[in-house]
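Sharing a structure here in structure tokens format.
Chain naming follows the written order as A, B, C and D, and within any one chain the residues start at number 1.
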Amino acid sequence: MIALRGLCVRTGTGHLAVRDVDLTIQAGQRLGVVGESGSGKTMLALSMMGMVPDGLQVEGQVLVDGHSIAAEDERAWRSHRARSVAMIFQEPMAALNPLVRVGDTIAEPLRRHLGLSRRDARARALNLLEETGIPQARRRLDQYPHELSGGQRQRVLIALALACDPQLLIADEPTTALDAQVALRITDLLVRLSQERRMGLLFISHDLAAVSRTTSDIMVMYGGDVVERGRTASVLSAPEHPYTRGLLAARPSLMTRSRRLPTIPGTVPQLNALAAGCRFAGRCARELPICASRRPPLSPTETGQAACHLLGAQA
Amino acid sequence: MTARLPANILIGAVLVALVAGAAVLSAVWTPYPYAAIDVANKFAAPSATHWLGTDQLGRDLVSQLMAAAGNSMTVAVVAVGIGCSVGTVLGLLAAARGGWVEEIIMRLSDLGFAFPALLFAIMLAAAFGPSLSMVVIAIAFINIPTFARVSRAAANQIWRREYVFAARAAGMSSFAISRDHVLPNIAAPVIVQATIEFAVAILVEAALSYLGLGAQPPAPSWGRMLAEAQTLMYLAPQLAIWPGMCIVTAVLGFGLLGDGLRDISDPRLARQRSA
Amino acid sequence: MSYFLARRIAGFLLTLFVVSIVVFAVMNVLPGDPALTILGLDSTEEARAALRGRLGLDEPVVQRYLAWIGGALHGDLGQSYSFDVPVSGLIAERLPLTLSLAVSGMALTIGLALTMGLTAAARHGRAGDWAIMLLSQLGIAVPAFWLSMLLVLLFAVKLRWLPPGGFPGWGDPVAAARSLVLPTVALALVQSAVLARVTRSAALEVMRQDFVRTARATGFAPRHVLWRHVLPNALVPIVTIVGLQFAGLVTGTIVIENVFYLPGLGRLLFQSIANRDLITVQALVMLFAAIVVTANFLVDIAYVVIDPRLRAQRA
Amino acid sequence: MSDPVLSVQAVTRRYGLPRRNLFAAAPVLTAVDNVSFDLAAGQTLGVVGESGSGKSTLARMVMGFERPDSGRILFQGQDIHRLATGDLQQARRRFQMVFQDPFGSLDPRRRVGWSIAEPLRAMGETDTDAQVAEALEQVGLRAGHARSFPHEFSGGQRQRIAIARAIITRPALLVADEAVSALDVSVQAQILNLLMDIQDDLGLAILFISHDLAVVSCVCDTLLVMQGGQVLESGEVSGILQDPGHDYTRTLLSAARLGVS
């Protein structure tokens, strides 16, 4: 299984883009990570792949089946990426090599990592494509990415990700660039694959609706901190943290029929402008004097955990 | 801007300043008149009186190199200046008008690719007789399509920006948009291209003068000095060194400057730095 | 025949046609009296009149152009004034030397440039990158004819390994090859500096794209990613520059052949200019321009071979 | 109902695609297919659809950037595509647009005040400072912000600036093309509220274009659902939400719904 212990991502200027995250993903678990820009959700995912951009530093531990992978051991990370974890990205248009046929793209890891012959790899690639439910899978093998639609490309990327039977699939905003109808089918597919293969799924999105229909557990991030976590359904229906509450209220929903939405004042701050204590301090409607200076720990709530001084004050 | 300038800009600027300074200075002062012959003193070694020595006719090398720098820079400034301004106006026009105007301008500029600067200059020299003004005309002419392409490509990108749509929505004419929005925003790639074309112009002038198709005696030119030195290579190899070093200094200076300017004007790289 | 190819070929022929008009116009219409140019200012009016008659200069311009181009299509480029033999014969005699110089120069350029450019890109921002870029910046700044002189000073004058110039003829292949070594190196070093920079920036551009991230996320080694995914996608800009560089190499031979006293087309052009042999000059300028246009045309075709997207768009 | 500010009547727009074969006719894409609607003062009409639905082409035609192949676009009774160039430039004072990308809709090399005053300058006005200050305050910024450059602002603030520019000529119609799509949820709500405030203040009509049904339903009175250039259904927002008449609308609804009740 894949776990993070005290994971931090530090920028070149010394600011923390991800601050002290603990996390375990079990086989078959579907965890949603929700946050706005600058929440650190993508950095969190990249640090689990050992692919944090140059100039950023990862601190803390990434554990695969209990073994920690050292940050600088590029060879170990490579075999980790080859075997135990896979990732799909936001832009299916750009994420496939435009000069390589779809079948060859999927066969590539099969041949290089698993040592399959050309024929076996092709047959296996076809199976994988069929598993993603792409129509006319056999024909797709010999097509180039530009001949496919956005949803089909995302399915090809999913097939590629599944090639070496990863324990964990990380999906970073996989539906954001897709039309609503296609996005629905892709999230359904991710749920099905996670269940059938007992594969962990880390689903990163800013879209609460997509997260709510894809995941069983949820983690809300703000400014690099995990501010709240728990079962998806309970957190979204009874949020504890003021940020989660504000986010849910400010989200236009089909139920809202007033002409004004509740808002969170201010704007998502830059990393260097974040408070040392609770990162939401300064925008929070229920801020206490202590919030800006002391960081609240994650403490248990009725639905899971939240990091807020208010919880301690009530208790 | 708090970011410090990259090393290539600094080194480039110093080299360019060196050559440009020598060029400007040569207009008012050189140690000796560059064409002053002193046969008694030929092939003099470097000394306090002749810093780099003299050539086969006893002419002072430093004076010749400085005067040649003046020639070389004048050719580059005038030729690239003409090519850049005409080309950029054509590129702006092509992007603003689109349609058949763009088509014609771009087809004509395609034609420019059929004639590398050197070939075009050789053709003009053959037809009109060799002279430095032919070199200027040739380089200017060849630069027009280059700048037309660069500025059109950059301008077309600007025309797709939302702030241009906003200006159109506000009712601005395409002339006003080209002036207010497009030109300031394509200045960076055009300037970068200009520094590169400066370097190319210096190389082309040197090559043509070397072939005897550029600066005519006694007009000083690095290329012609090298041609003369070549015949004396066994006798006085040092004469073949200094003019070449001057060309390298000038071209390297502009090259580094252009490179550095491109680095800091590329918004993608700029964003990476600030992130 | 595909629409794209038909359009390209039409464009190619049209460009050649316009180029021939430009060449003819510059050499015949603009300068006034070609007879005066050929014979010089001290010639007598009778001699000039006789020459005009011999060259057909008394006929209307359009007719002369048609005669010239019509002849050229049949391989008849007119009679050289100074050598008093058919120009086509002069060219046929010298073309092999110039072409072998250009082709071997191009091969060396491509080999050097790809190695340097890709190495630099793979080591982006590190010492190796800096060193290669500095070297190439220097390489661009060195005029080919000066580099030739330095090479001659070192390898011919000092070390006496190779001949300083001249060409012994094709009868002795080894001697012929030896005399082409320094010219080839002089041509290629400068051009490869340019191409190395293009290769590096094209590769870096591709390395920023999402599909490279996908390949890394699939666990492939950097070398594999570079050769399999980066290089093929970087080829379009590289091929563009190779086309332009072939043009540069061909015109570069004009200078280099004069440095090394090689009896090729460049030397012929130079001699013809000195002899005011406008007929030969006109033919040679047209030939050089035609080679350049052809190289650019082949590049256009190469794009389609490289990129399946263009194939689909333009097929 | 009074005369509509904007009346789109049976508008169609086709694009010729690149030819694939020398001997075949070039294929044609019908981006907007026979679309009609009216929009009255003080009202907000939402156009919802995905990429390729034709909603952006529609916006460009309403703004006069593109001509419809057939049909008419009447702005306050005038067919904007039949106006002389000078008249169209004058008419532009009364319909303005807010764009999607808060980072692309302001010229990075111009001070914010300069950009906001651009529509006034286009009308030949020169003394614009007071109006710029007023517009800035109207969108919740300070008059002093006029002297800053766009990169000094966050995405939400830039969108406020873009709105200030759009309302400085007191237009009768505002076209908002995905105006909040690039913003974080917590900022998006602020901008939506601002648009509503401004509509109440100025009584302008808003054509609100978005792919996000939840956002559209939140701010709009009436709704147009588009797909492939055609209008699938239209009507009052509440009616469509309660009883969608089309499968596609139902998909959009379920995509926007939080899977928790």
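What to note about this one:
Here, a residue touches a chain if its C-beta (ideal position, glycine included) is under 8 Å from a C-beta of that chain, and two chains touch if they have at least 3 such contacts.
Just so we're clear, the structure is a prediction, and the values are computed from it rather than from any experiment.
Following the contact convention of this document, A, B is the list of chains adjacent to both chain C and chain D. If you compare B-C with B-D, the chain pair joined by more contacting C-beta pairs is B-C. Taking the mean Cα position of each chain as its centre, C sits at the greatest distance from chain D.
Note on chain placement: the centre of chain B and the centre of chain C lie 21 Å apart, centres being C-alpha means. Distance between chain A and chain B, defined via averaged C-alpha coordinates, is recorded as 51 Å. Separating the CA-averaged centres of chain B and chain D is a span of 47 Å. Averaged Cα coordinates give chain A a centre that lies 33 Å from the centre of chain D. Looking at chain D, one finds that none of its residues touch two or more other chains. Residues of chain B in contact with two or more other chains: none.
In chain C, no residue touches at least two other chains. Note for the complex: chain D touches chain B at residues 63, 65, 88-90, 92-93, 96-97, 99-101, 104-110, 115, 118-119, 121-123, 162, 165.
Considering their complex, residues 49, 51, 54, 78-83, 86-87, 89, 91, 94-100, 108-109, 112-113, 144, 146-147, 157, 160-161, 163-164 of chain A touch chain C.
Taken together, the chain D residues at the contact with chain A in this complex read 50-51, 154-157, 184-190, 192-193, 196, 211-215, 217-219, 238, 241, 248, 251-261.
The touching residues of chain C, counted against chain A in their complex, run 125, 209-211, 213-221, 224, 228-229, 232-233, 306-309, 312. On the chain A side of its complex with chain D, the touching residues are 36-37, 179-181, 183-184, 206, 208-210, 212-213, 232-233, 236-237, 246-247, 250-254, 256-257, 259-265, 267-268, 283.
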